[in-house]
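A, B, C and D label the chains in the order they appear, each numbered from 1.
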């Protein structure tokens, strides 16, 4: 049977497309980070550019690049599997190079990270969840960049209400997002980004808090009132100090006195 | 040209289906409530039952029932248009009766309601948004029921932390949901459900708060500490007192000291 | 320091609450299913009832029940860890019994499942993602029930349009949901529910399809046109045949000719 | 009583913030477009910059700018109210100028638009919903820009599968997004962006389709097979021809043969 490769035809409208590919593909990923194997069920997005004279890309080859990068890891000794989500992204791009011509490529991997923490007073172990996303971008000149993103749940304690109410104030959950875009080689762990954000709130949050821990968190919050603007500035200043590359910070505070949210955002 | 009515065929698998129809259909609705015309852009779901010996329903007739109910309203004098979302739902069912045989029918309409409130100290006008949903259900015996649902943004102030920290505590946004299922005739306004929920939090929330108002809210919150359990109980007790029918209450508190939420739910 | 147990006080409003607890808590879970260890990052909800004369529950004990059930599994030999999400749920309830008085309890665990499939023509391995949720409910009489839910992505191919257009028709993605509520002991795997749903669409969907596979799927779809009603009936009939317990089926078709969806739903 | 203006203090960390404000605020908006009054319930985001030496902004003044812009419209004759969402955005910025010092400001308004269309064969009236978003940005030099975004539900019909299966193929819902960023003065209606996107799919979609209309849509789809890449190129080429400014196009196709989506994106 003859197979038509419609994708290889010349399209009616000759426009180059920067990003063509697959998205919202959920599959399994295993990472060996500092000697321990972690399993994730991330969402993947993989795109390449499409030149003006080709009608389409071969989508299944992008899926194969993910699958092949995974299988390679599974066939190798566990010690040799990808040591970070970025490494997995780079490996998918490497497989893509053997499968589909392109000038630029992007791999995005979105998942959750669970990190153990000690509760502030009891020292009990608490497992804290974070949303993370990693992008690996191969530019037209062949250079590789990476984008690291974290999303951390914390809080804000209003210093204005505190000043005007004899120490009483309103408090609420806030969400801090930090993105670092940098060269691929730079050695930055997602955990470091999480630390920068988590320590910039009025107080960190914990999954497991006994009464003594809850008291420590409450005391910590009142000792450290912060506007959403203060949280954004602290994340931004510390990220610039600690990481090379372009920084983007966004903090959203789910106000307990309003039905809407307040936001502070900045970037370098 | 002959048109085949595949829907009228006898299906291979003879099972009665309770709910078949259209969902996530967004369109415009106009309601004349107490003499003022309100415009909404709600999401509609309309379903009927399907007997075991018919392959399918005629979906387009459900869409027409919505459109016809609307047109009727637009053609009539503005004073005569539907006086509530429930009335609109009943009118859609009435149109359905002339268009498609069925034994039971449901219409669900989901939208936002904006209600003016006075800020607590300055008296400034504040426009408060609420999520509401109305269902009208025609049972097999022809009787009509209605389901009214509201979702209100408020707050909780932890009395346990307050007792253990000399008046300091953690505070957070909370979401209260109230559902009343009752006969169609009962005269209950969505605004009444909203009032019951909004007044059961530690303090109501407002869109516009000048500093004097913010102070009033903060003072109100500290004077009225409540667990998520307390809020659920107050909504439930007041709803039972005020409304005939089956009551369902759910309150979710977006804890400011945790990354997860806490929940209290009950029903009659 | 004295610790006040505000939760133990008698509340102003004496109403029993059916479900009080924690929700949207994301953490790690490891399951040994048929000898292979799977890692998940599920969302947990754990609730207990609250009698009318207690002001609140001790939320942290619910978190501890999850953590303890996990640690127990980690400390034991890998072969001994929970053999299903339901077993993990039961284990959490068992830990709860030693920590917090209650009459009824519920544990809900929501995650993704990745299952390998062979592509229909090439035989290539494809990893297919499914949304699953498991609930374990301890009733007031101590009896245990479980609720299994799956959500599968498939498709519908309109037989009405096919009959009226000489074999041409409209096709679209559809989502099939199946819930089985039964006694805890019944031996039902989530994979069985997934099979029932996946095989009831016009054709199963696959993550990796080479051209020969894509052709097989297209041919399969045209050979098997189905309304959303047909898919719901097939899932329902086969689930009733295969599983004891109460069955609930819901299929949503993301119509390619409309901006809204169509739905078919039924239950036993 | 003395009121402390904590916002005016000098912050510990002196970093300029580009965007500080309120978000997810739902309220009512009325627009007089070409002589007819439309009512919306949009979500608003309003932000200003914050210089390095001020601790915070006065959030309530941003809310007042929205409220004042509304009231002004309500107090004036209906003919004089804002003639577009962009005009409303500009009016909010104008009110902001009298209330809060700033160097740059942004207003974003997100809502649904319902547009009447004729069904393709029966000529029946169909009301089609679209998601739209409008941004008005005042730059540091005082210049005004606007950003118009639309999101339209359509479809793709795979030409590759059609070539390889004797005219049979897979079809699915697709979502087209178009953004135009341009000077404020340019005269572009959201309806024009919607037209460009809607007419670039294999066929437009309709809310109300009788059998003759459904047939016309099916025939239209098979006569016009398109990859997601083809749809993106057509939107892009036509938008560049029709609108001055920077263009961004993104099309997502909810594949009926896969559980994931495919995507094509480009920009000028």
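In the analysis below, a residue touches a chain if its C-beta (ideal position, glycine included) is under 8 Å from a C-beta of that chain, and two chains touch if they have at least 3 such contacts.
None of the values given here were measured: they were computed from a predicted structure.
Among the remaining chains, those touching chain C and also chain D are A, B. Ranked by separation of Cα centres from chain A, the top chain is B. Ranking A-B and B-C by contacting C-beta pairs places B-C first. A repeat of the A-C interface exists among B-D, A-D or C-D. It is B-D, with more than half of its contact pairs matching by residue number.
Centre-to-centre, using mean CA coordinates, chain B is 26 Å away from chain C.
A straight line joining the Cα centres of chain A and chain B is 35 Å long.
Each of residues 3, 25-26, 129, 160, 164, 207, 209, 211, 259-260 in chain C touches at least two other chains. Listed in rising order, the residues of chain D touching chain A in the complex are 3-7, 11-13, 15-26, 45, 47, 50, 55-57, 59, 159-160, 163-164, 227-230, 232-234, 236-237, 252, 259-267.
Within the complex, the chain A residues that touch chain B are 128-129, 153, 155, 160-161, 164-165, 167-173, 203, 205-207, 209, 211, 214-215, 217-219, 221-222, 254-260. On the chain C side of its complex with chain A, the touching residues are 3, 25-28, 38-41, 60, 63-64, 67, 111-112, 114, 125, 127, 129, 207-212.
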